[in-house]
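Next come two complexes built around subunit A: one with subunit B, the other with subunit C.
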Partner chain A sequence: MIDFVQLIIIGTIVGSIIGLGAMGLTLSYGVMKFANFAHGDSMALGMFLAFIVVGDLGWAGSDIGRLSFGWGMIPALGLAMIGVALLNISADRTIYRRLRRRGAGIITMAIASLGLAIIVRAVIQIVWGSAPLRYSTGINPALTLPGDLKAKPDQFFIVGLTLVVAFGLYLLLYRTRLGKAMRATSDNPELAEIAGIDTERIRMSTWAVAGALTALAGVMFGIQAQLQFNAGFEFLLPMFAATILGGIGNPWGALTGGLIVGITQETSTEWIDAGLKPGVPFVLLIGILLIRPRGIFGSTV
Partner chain B sequence: MDLLVELPPLITFVGGVNWTVGFLTTVGIFAIVALALNLQWGYTGVFNFGIVAFFMVGAYTSALLTLERPGDFENHILGLEWPVPLGWIAGSLAAGVLALLIGLPTLRLRRDFLAIATIGVATILRSAVNSTEGLANRGAGLIGIPRFLDGLVDGADYRWVMLGIVLTMLAFVYVVMAAATASPWGRVLRGIRDNEDTAMAAGKHTTVFRVQSFVLGGMVMGLAGAIFAHRQGAISPTGFSDLFGTFLVWTMLIVGGSGNNRGAVLGALAVGFFWFGTPLIQEDLPDFLGTRVFQLREIAIGVLIIVFLLTRPGGLLEEEPRVSRFVPKPGSGSGAFNTAHEEGGP
Partner chain C sequence: MTPLLEAVDVTTGYGELEIVHRVSIQTEPGEIVTIIGPNGAGKSTLLKAIAGVLPKFSGNVSFDGRDVTKLNAPKMVALGASFVPQTDNVFPSLSIRENLEMGGYQRTSGTSARVAEVLRMFPELERRPGEQASNLSGGQRQALAIGRALMLDPRLLMLDEPTAALSPVMREEIFDRVEEIRDRGVAVLMVEQNAKEALARSDRGYVLVAGERVLEQSGEEMLNNADVGRLFLGLEPAGRGA
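Right, the complex of A and B next:
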């Protein structure tokens, strides 16, 4: 029983990271309408951009309480979030906007995003090499919780940050004019344009917010795992599964979907071989497509 | 005459011939996969991002059925010593079953859902082979996969036989694809691709046709994988990477020309020459390029995809618009990258 609760704790942490990434993915999917296959490799890029500060430059900073990383992670996060946001915006300027203007469909854009994914991955490999890296070499001893359960301080941080970011995204989407315009563009771009919304500007803002969320997810992943150049493609399936579970364009759905995917995936090892774990998001995805293809909470597209 | 002066060109010539034979064999297998993707994407608009999964299923199925019983240091199922052609048929069927399982729940939905469902399948298959004891010898892979028509010639000359086999299979697949896409069935596929509503209004059950196209394409990918396994003689999960087995084929089709079978073969040859040729010039490149040649060619592949989509979406050989051989050629306005049909679906 304790083992099972322990697996749920691990699943919550994994699910938070998937949820963070899926919130970014669902935003761009909802507004841009196409499946961004560069999302996984952008997440990996964010993970490595943070390494520039805490690894390449060695600005780890002084310790923050009992976390495995120091204050240097704050500027590292900033660099990662700005970097991936800029990547998204420049990709839109050079690729997606041209395709949009030509009237190309969502599938053409999805294939173009695959091209971008290949480029980003190769650049990461050229700059940081193929050997796995780590943000910090120190160990992060686990805390013992009541009932002999274990969790690391880092993991509390990841779950806490995810909740804070989700709340912030709620405020952005439902309490600001920008958020309202984003939702309008997602619901119906033509109508939004008629209502005087500069949809191109909204698309840029969406790319920026989605990029920042993507980078955040990448850095959180890097905090509790090794940094590998080819991690990006492996992120894609769980994040898409979470996005579709929650309904495309629905950030709460994406976070809930991420938690469902994470917890199901980790607890599945009670019954199946750990090597079959990558199949769990796939089964969830096929299941939801069979039962409720618009997701548990409905979709905006 | 001085032998030392005479020898190097001879060695280079033989080396060049050997390289060319190996290259054409590999590209022939890729061309078969590109033709299969052309049926799925080029003619039907079915968006498959898991090509390597079907290729891998075909390779493993055929290898496991034709291998000998596992020895002391191997641990895999089957090992039935079937004749190689039977293994190919079984590999092709197994890949078709996988396509049916994935296609049925997804092909009735938005067009990008199939792509999303297929991105992870290869990862799952690799992980399953790696972790399941007694399935296919885990990460060590399968070795000693028998060759087809092995007894005909000496070992060193076998590469010519293999090339002949691959080119024969390529010609066979090409003829089948050309006939299928020119038939009334192929016309329905193009109709679904260009305007699904019209096809439905004409009484066509579009989901059924999409599943048929996806399964037939998957079977051809499985066949190519099976041929590949027997050509290599040894396979392991890491050999079936998404980059090698999926993205490269997409690049071949986009560069060659979606919706054109000759384009698919040309794309396989052109992109294949770039991909397999770049390591040859590695030593002639300046150091900072030469050491990164494998990553640089990946970047070039990504750039190729994007540049073609932006500037020449029809590829090198664009689709020839035609309704049927009985009807005069109409104007343009169809094609996989045509704009009107691509919207999300129901």
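Right, the complex of A and C next:
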């Protein structure tokens, strides 16, 4: 039983990271209307951009409480978030917008994003190599919780941050002019233009926010695991499963979807071989598409 | 009086397909102008081209003395010419209030005062501003779409078949609102299938057939025009029994 609860804890952490990534994915999917296959590799790019500060430059900074990383992670996060936001915006300017203006369908857009994904992954591999890296070499001892359960301070941080970000995204979408315009553009882009909304600008803002969220997910992943050039690709499917499970365009849905995928994936090892674990999101994804294609909560953006 | 809107020899259509051929129409400040005609005459196409939703192949459009031929919809809205499409004219996942806020997106000074003003014009919307637009009835949606278009205090409101698919009672409601809007000094240019009811409320009307303008008269003259009555208003010609 303890083992099982421990698996749920691990699943919650993995699920938070998937959820963070899925929030970015759901936002871009909702407004841009195509599946961005570059999302996973942009996440990995964010992870490595942060490494420039805390690894390549060695600006780890002094410790933050019992966390494994120091204050240097703050500028590292900033660089990662801005970097991936800029990548998204330039990809839109150079690729997606041109396709959009030619009236390209969602398949063409998705395939173009797959091409971008491969380019990003190759660049990461060229710059940082194939050997796994770490943000910090120190150990992050686990805290013992009641019932002899274990969790690391980093992991509490990740879950807490995810909740804060989900709430922030909710406020953005439902309480700000920009967020409401994102939802309006997602609902009906032609009507948004007729209403006087500059939809191209809304798309740029959406790419920026989605990019920042993606990078954040990548850095959180890097904090609790090794940095690998192909990490993003492995996360892509769980993120899609979470996005579709939660309903496209719904930030709370993406988070909930992420948690469901993470927890299901981790607890499945009670019954199946751990090597089969990465297949669990596939099964979930197919199941959702067959039973409830609009997700648990339905789409909002 | 100088016309508020003047379209001269406008030719337009979809893609390469020319649907409207050299049509000229005008709207003066504070009048209701209705374009009627059979299905496929190009009425909506003409309105969309004027609103900047569709490009014009040739011809000129001026609004308030300014050449707006090449302007797109967001720029037309900014100048004070709002357009309400016939269908898909509300944001379904947004609330009533949010729909109105989006209509006022270009307002830099905030929208809450104007949202309150517009809501006062539509009591059925004012009762529940938090309701999601997808839950509204056809008439309520139309009212919301018109309200949305009023958010920037336009001087010209362009309505594409505002009463299509509405019950007779709702049609009356919408036409009453259109008159109220006109009485507040906003010019209205609309395309209508319910020609008889629309013309009864219109200052002027145009008849479009096969992409060409065939008639321009006052609303009253058109209602009494035997040809128009026979062709578009479903009236039996005088002197012949039913």
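To be clear about the criterion, the second predicted complex is superposed on the first by the 299 of 301 C-alpha atoms of A that agree within 3 Å, B and C clash if a C-alpha of one lies under 4 Å from a C-alpha of the other, contacts with A are read in each partner's own complex, and residues count from 1 in each chain.
Quick note on the criterion: contacts are C-beta pairs under 8 Å (C-beta built on N, C-alpha and C of every residue); 3 or more make two chains touch, one makes a residue touch a chain.
These figures come from a predicted structure and were not determined experimentally.
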Exercise. Using the touch definition from the top, say if A:Gly279 reaches subunit B (first), subunit C (second), both or neither.
Key: first
Quiz item: With the two structures laid over each other on chain A, which partner does A:Lys152 touch: subunit B (first), subunit C (second), both, or neither?
Solution: neither
Quiz item: Between subunit B (first) and subunit C (second), which, if any, makes contact with A:Lys180: first, second, both or neither?
Solution: second
Exercise. Figure out whether A:Arg100 sits in contact with subunit B (first) or subunit C (second), or with both, or with neither.
Key: neither
Quiz item: Is A:His39 contacted by the first partner subunit B, the second partner subunit C, both or neither?
Solution: neither
Quiz item: By residue count, is subunit A touched more by subunit B or by subunit C?
Solution: B
Quiz item: Which subunit A residues lie in the overlap of the subunit B contact set and the subunit C contact set?
Solution: 301
Practice problem: Going by the contact rule at the top, pick out the subunit B residues touching subunit A in the complex. | Solution: 45, 47, 49, 102, 105-106, 109-113, 115-117, 119-121, 123-124, 127-128, 130-132, 242-243, 247, 250, 254, 292, 295-296, 298-299, 301-306, 309-310, 313, 337, 339, 341-344
Self-check item: subunit B contact footprint on subunit A (complex, rising order)
Solution: 33-35, 37, 95, 98-99, 102-108, 110-112, 114-119, 121-123, 125-126, 233-234, 236-237, 240, 244, 273-279, 281-282, 285-286, 289-290, 293, 301
Self-check item: subunit C residues touching subunit A - in the complex, by the definition given at the top
Solution: 51, 53, 72-74, 77-78, 83, 85, 88-94, 98, 101-103, 105-106, 148, 152
Exercise. Please give the residue numbers of subunit A that touch subunit C in the complex, ascending.
Key: 177, 180-181, 183-184, 186-188, 190-198, 299-301
